[in-house]
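One chain, chain A, appears in both complexes that follow, with chain B as partner in the first and chain C in the second.
So, the complex of A and B:
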């Protein structure tokens, strides 16, 4: 894992010193809230419905156990004892006092963390495949590239007042676990003639105008990548719309000008930008990459795993849903669900964070990841240790066996916290999870991703949920629109709207009708919800939700 | 009236001749031989187009005086310098709200620069 250079440490310390002074000026009244705003936004501090919210960057979702312990310390000392992991692999604290923020940032710096560029119109925290370095299907580890991009984008002087925020995601595997086609820039690492480079995808995004990213370059060598990224962002900085913030993201720029026009402009800019990189970035890259070697994997018998799997049905059920294939024999990737039925998706208490840190230290080569699906990943666990890991997780309410199932819901904070929200999302997620747990149906249903956003900005990724739920405000009443058939993987697709929305009371029964329809129509348990929807189309689901549709019957007759 | 900010603090305007460029200048029209001195407008501190325009001019080989003029905040001074501006011109009322010591606090713009490190 990456550890800070002296340069990184000095940079963060200086930045914290500047922000402490700005906070002091705000508290003594010499800065108004309006004047303070750009400074706090450069440092991840939002003003929400009830309080300030601090968003801490977890670059490419990677943590050591001491870092997770520090997140627990912050939750306990400065917040209400918990933190909220987000869909961009960050953690948010919803209740800090302004005066405490500089101390929180200094505490974070002790474990090489910060909150820089987690807000504002800048290049945001770079995200990556949460199985990086562990996945069986990996071509290249995305973390060294992501770390280079973190350093390249941090405090980039040209890009601190962009038309809007800008998000980059990186994957190096066959499966896309980083939703790269829904980012401003998505990078897919792959080799060409034995040399590592990246496919560059531009102009994806969700929000009120969802767009699937388009390939602007099939392959850019690693050496050319910083100059290429700089050219893309520079072109957009000058061309992106600043008259309307809903039309300022690069997806709109690409849509309005066309990908070929953007590609030509980028090529022009690149001619100018590329010579300014003299190779020092590659020395830096090699230093970074050397820190991402594999841990010292053990080669020991796996019998303990087989025995527990046979003897303990609770362990078996958890192993069946929460483990993924590791690149090394005898190892597994463990997902810890932060979606216990009835709890807030993505929340973890300080005590739970400490338990996860301890497991990582004792059984997981000291590594943890945060997934964009708001769960925690232990990327390297030897299968013989899984029974012990499962026991500890159980003791802390962390052994929910539901990864990928209907209760493993992504939900934005919604009206419970967010100033932009038009409806609640967390309570809806809780009700759905609780209901299907009562029905004892979720393992029977199999893979089914529900994603919930409490407003049109789509932080809950509803467009790409197998079932998407969008909470709106209709004349003061919450109304939930439903989409079906979205897909967040390498076959990214946006869901189709079923029709009129449902009230808060109707939405859980609507989910039941959708699921019943799937169970009644599927070819068998091996046909997933998404496959069945693609085969069946919208009609049977529409009928289940709204009754027979007269116009169609007339046509048929 | 306006104030000129440089690394050593506030100065009176020395009234040099500048070619004025708006923040929405088409980058295709930029050329290092446009003028000896160029002044780029910042109509708002949230409008970062001038940073890219300055950078393009410098990459093209522009060696004249480059001035950022308008609503630039002291916390943006380091960014302006790193993008190739020589100085910043701000209106008097902004200079009153952001006195010279706030700009001097950020005048050490060569320190802690990731970009400089990446470019060797």
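So, the complex of A and C:
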């Protein structure tokens, strides 16, 4: 895994020293809030509904156990004992006090972490496939490229005052687990004539005007990639609409000018930019890549796994649901669900963070990942260790077997914390998960992703949920709009609105009617909700939601 | 006819702790909405907002919030202010602990 160079360490220390002084000057009155606000945002400090919020970047979602332990330490020392993992592979602390922030940042720097560019109109934390370096379908590990982009974009003098925020995601696998077509730039690493490069996708994004990213270049070699990315951002930096914040993202620029026009402008710009990259960047890239080597995988018998799988139905259910194929025989990728039924999606207590760190150290080659789906991943666990891992997870309330199921809900903080929210999302997620747990239906329902946002900004990715829920304020009452048929994978699709929204009381019954309709109409258990929706279309669901005909369960109740 | 003025309170977050606070009639910042000064006159409300905004070393993000006056004190008109005065609904981590 990447460790800071002297340059990185000095840069973060200097920024922290500057910010400490800025905080002091705010507190002693030499800075007004208007003067201070740009500084605090540059360092990830927001003012939310009930308190300040510190957003810490987890670059490409990768953590070592000592880093996870530091996140636990922060939660315990400066917050109320927990942290919230977000859809952008960040962690948010909801209750820090202003005077503590400089100490929190210094603590983070001890384990090579920071909160720089987690806010403001800059290039934000670069996200990546959470199975990076482990997935069986991987062509190349996206993390060295993501780290190169992190270094290039951090404090980049040209890109500190962009028209709006800018988000980049990278995958190196066939399956897209990083939602790359919903980012300002999405990169898909692949080979051409044996050489590694990237497909470059621009202008994707969710929010008020959701757009699916378009391919601007089928393949750019790794060597040319930084200059190419710089050209894309710099074309948008000039063209992007600064007059209207709803039209400022690159998706609107691409939409208004057309992808061909943008491609031509990028090509022109590239001619100017490319000569400045004289090869030193490739030396750096190779140094970075060398730090992302595979761990020393063990080749030992897997009997313990088979025995536990046979003997213990709880373990079996968890293994069937929460494990994914690893590139190395005998290994598995473990997803730890942060979606225990009725709990807040994405939250982990300090004690849980420590437990996960310990498992990673003892059984997981010291590696952890945070997924955009707000779960934690142990990318490399030998299957013979899985029974022991499962036991520890169970003891800490972390063994919920629901990855990919209806209770594995993405939910943004919504109006319980977020100052921009129009409605709450967390209680809706809690109620849906609790209800389907009571019904004991979720394994029968199979793969079904619900994603909830508390406002049009779509941090909860509702557009790409199989079922999406958007919380709105309708005349002073929380109201929830439902979309169906979204898809967050390589076949990215935006969901269709069912019709009028539902009140907070109506939304769980509405989910039940949708699920009942699916179960009644599917071709069999192998036809997933999304497949069934694509075959059936909206009509039966609409009838179930709004028609006169009450569903079977409602009748029976 | 001008629309009737919705009564307001001055609210903000405390500079150091970030906690939601309200301006009382005797110029104190109080964490309790019940102790807030209810402003029923528009011009007076604007004046109180300007005065409060000058207290930069105490608070951040000051604004006027709509309220309905009741016998037991101001009641939020909008659910957002209801959450601000109580705390989040998923944990008893906000004001609901002490109030």
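Assume the second predicted complex is superposed on the first by the 547 of 557 C-alpha atoms of A that agree within 3 Å, B and C clash if a C-alpha of one lies under 4 Å from a C-alpha of the other, contacts with A are read in each partner's own complex, and residues count from 1 in each chain.
As a convention for this text, contacts are C-beta pairs under 8 Å (C-beta built on N, C-alpha and C of every residue); 3 or more make two chains touch, one makes a residue touch a chain.
Model, not experiment: these values are computed from the prediction.
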Contacts of A:19 with chain B and chain C, given as first, second, both or neither: neither
Which of chain B and chain C A:416 touches, first, second, both or neither: second
A:160 touches, of chain B and chain C: first, second, both or neither? first
Chain B versus chain C as contact partner of A:541, first or second or both or neither: neither
Which superposed partner A:51 touches (first chain B, second chain C, both, neither): second
Chain B versus chain C as contact partner of A:238, first or second or both or neither: first
First, second, both or neither for A:97, with chain B first and chain C second: second
Chain A positions touched by chain B in one structure and by chain C in the second: none
Chain C - residues contacting chain A, complex: 13, 15-20, 56-57, 60-61, 77-80, 83-84, 87-91, 93-95
Complex contacts: residues of chain B adjacent to chain A: 27, 45-49, 51-53, 55-56, 59-60, 73, 75-76, 78-80, 82-83, 97, 105-106, 111-115, 117-120
Residue ranges of chain A touching chain B (in the complex, touch as defined): 7, 10-11, 14-15, 18, 21, 35, 38-39, 42, 121, 151-152, 154-162, 226, 234, 237-238, 242, 269, 272-273, 276-281, 283-284
Chain C-facing residues of chain A, complex: 26-29, 32-33, 47-52, 80, 94-99, 344, 415-417, 421, 424, 426-427, 430, 473, 476-478
